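To keep things simple, chains are lettered A, B and C as they appear, and every chain counts its residues starting from 1.
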Amino acid sequence: MALEARDLVREYGSVVAVDGIDLKLAPGEALTVFGPNGAGKSTLLGMLGGAMHPTRGTVSIGGVAIDPSVTSWRHRVGILSHRGFLYARLTAAENLRFYADLFGLDDPEARVAQGLGRVGLTDRARTEARHLSHGMKQRLSLARALLHDPEIVLLDEPYTGLDPSAAAVLRNVLGELKDGARTVVVVTHNLREGLAMATRVAIQLRGRFVWEGAANDLDAVAFERHYHETIEVAA
Amino acid sequence: MSTAGVRRGGTALTLIGLAGLIGLFWLSFFWVSTEVNQGVAQRIFYVHVPAAWTSFMAIGISALCSGVYLWLRDERLDRAALAAAEGGFVFATIVLVTGPLWGKIAWGTYWTWEPRLTLTLLLWFIFLGYFMVRGSTEDPEKGKRFAAVVALVGAIDIPFIHVSVLWFRSLHPQPVVAKAEGPTLPQDMLTTLLVGVLVFTVLFFGLFLMRYALEGLRAELQLRERRTSS
Amino acid sequence: MSTYLRQLAAIVRKDLVLEFRSKDRLVAMGAFAVLAAVLFNFSLDNASVRPRDVLAGLVWMTLVFGGLLGVGRTFHLEAEDDAFRGLMTSPAPKDAVYLAKVVVNFVLVYGLSVLALGVFSLFLAVDVGANLPGTLLVLALGALGFVALSTLFAAVSTGTTMGETLLPVLVFPLLLPMVVFGAGATGRLIAGRPFAEVAGNVRVLGAFAVAAVAAGAVLFRFVVEE
């Protein structure tokens, strides 16, 4: 298994954000997790990416349980959140160069140029991030997340607040990720975009997966109805 | 040991400690001879010094438990660190109250930068910081880790503070404190002091165990509440 | 160059670039040093206090208060756009992050203390030229110890609901050794005493700085863990 979670639990004091989630994803699979705000989707993604420590349970990458205090496996994971992880006073190229150094990439200049080209920002290399439009910033953080060519890609609400051009770039780049070698997890409440990139789908409510299925034999209209019924019943 | 067992042990030790405290008071008021230079006021020494000893032992225990907690993440270690810190805070407060009372009568001023008194004052603030970080975090796990860091750094810093207050005093002449200690201490004073140290240590561990058991019960209650609500 | 050093250098370079572009902390801390000197000047009665005798103490107090003002904001730089999470999920070891922050804060706080020395010397008309290299060394060791502790606890206080308000309560009790030995040594060097007389102080300051940096590097990972 490329990415595996076993009985994952995360508590904040007396609040249980993730309450026993199991998942197994092979290379080439893309899981989209839908759920309303407060379902614990971001917490799940945080634990899968090693940003948060699980209260109980384990996450394994390539069959090896990850230890958030060890850094070696972090090269294999790329994280894109709706927050960009960018420094406003660094230029586009400097932002990427910083990450290239953190990930210890060989030939960082070439990687930065390649990353900028991939999201169409080559001519903005020397612009400070604060002067970029919102869509450009999102494209830049996409380039940042994929700079080290990770085999596991975690996306937290990637389409939130995107302008159409950025959404098109994102769709393109995510399409490139479907090369059979990568594992993708997306959490979102955007049904249309979420379904488009998924091979598997789950609905998360109150920290648990209440529904799971394959995406290819899914009727989008029926799923949409099912999803809304599920979250209404819960509310 | 079960929580109930710890609680019973804590209660027993506390009762022994309280009984010992009555004995200590009897010794220091009626039995021990009066110190020649300072007179009756010096008798506060038999409370002051054992309380200071206990508060420094407490930061040691708290830091030790904190360090192992960060390593093993066993909740019981955090509870022990907290219980020790609370005990230490109380005993440091006793030192800070008895010190000036003694000082006023012995050398005419409430506060002097006497090294051990200064050290206790800073220790008191380290404990205060310990409780403040615990109280001001939304995620209790984070509060436990923060507090553990405060206790550990505080304990590492104390030898440095000790050296610095001694050095500071060597430069700045202070009112001479007739320290009744060391080999020159008459036998009956030494006996009373040692009884004091023993009594305060027993009392500390009694309170420590009771407080530890209380935290255990609180955690158990939380767990049950969560089970019934889900 | 090993990966560790490359990561450390990348964070240092990034922070210095951000610092010099925004100038927020540079200006705030620089202004603090000058304004503190102005206020201290008017708070002293020149008839009864000789500036020469209190200068070292004032410089050290400026280092502590002004330094805390700047160091308290160490992690605000990372807070916008959640950049700190990006740093934390990168392969950079947590101790490298801590050491990089210490280096950057050291540059700022040491700069502040040297500026304070100069400004106080100017305003209070005290010649600090005697033993200047020794004085600068003492300030450097003091600034390092100060920064090591305050950077660690800035991470703690940033994670609490009280924020920077908590920082003095956590850091001041721990700073006593630094202030005692640092101000003591600085005072004597300014008074023209030979460096050999304060060698013991310098050793303790050095040991304090080393212990503080080591403790911070080990403990930082527990503070920033989510």
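Keep this in mind: a contact is a pair of C-beta atoms (placed from the backbone, for glycine too) under 8 Å apart; a residue touches a chain by one contact, two chains touch by 3 or more.
These numbers were taken from a predicted model, which means no experiment stands behind them.
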| item | value |
| --- | --- |
| Chain pair with more C-beta contacts, B-C versus A-B | B-C |
| Identity of the most central chain, Cα criterion | C |
| Chain centre separation in whole Å, for chain C relative to chain A (CA means) | 39 |
| Geometric centre distance via CA averages, chain B-chain A, whole Å | 50 |
| Cα-centroid distance, chain B relative to chain C, in whole angstrom | 32 |
| Two or more partner chains touched - positions in chain C | 225 |
| Per-residue multi-chain contacts in chain B, two or more chains | 138 |
| Touching residues (chain side chain A, partner chain C) in the complex | 46, 49-53, 68-69, 71-72, 74-75, 77, 79, 81, 83-90, 94, 98-99, 101-104, 128, 144 |
| Partner chain B, residues of chain A touching it in the complex | 12-14, 16, 55 |
| Parts of chain C lying in touch with chain A, wherever the complex brings them together | 3, 6-7, 9-11, 14, 17-18, 21-22, 80-83, 85-94, 221, 225-226 |
| Complex interface listing, chain B residues touching chain A | 138-141, 222, 225-226, 230 |
| List of chain B residues in touch with chain C within their complex | 70, 118, 122-123, 125-126, 128-129, 132-133, 136-138, 142, 145-146, 148-150, 152-154, 156-157, 160-161, 163-165, 167-168, 171 |
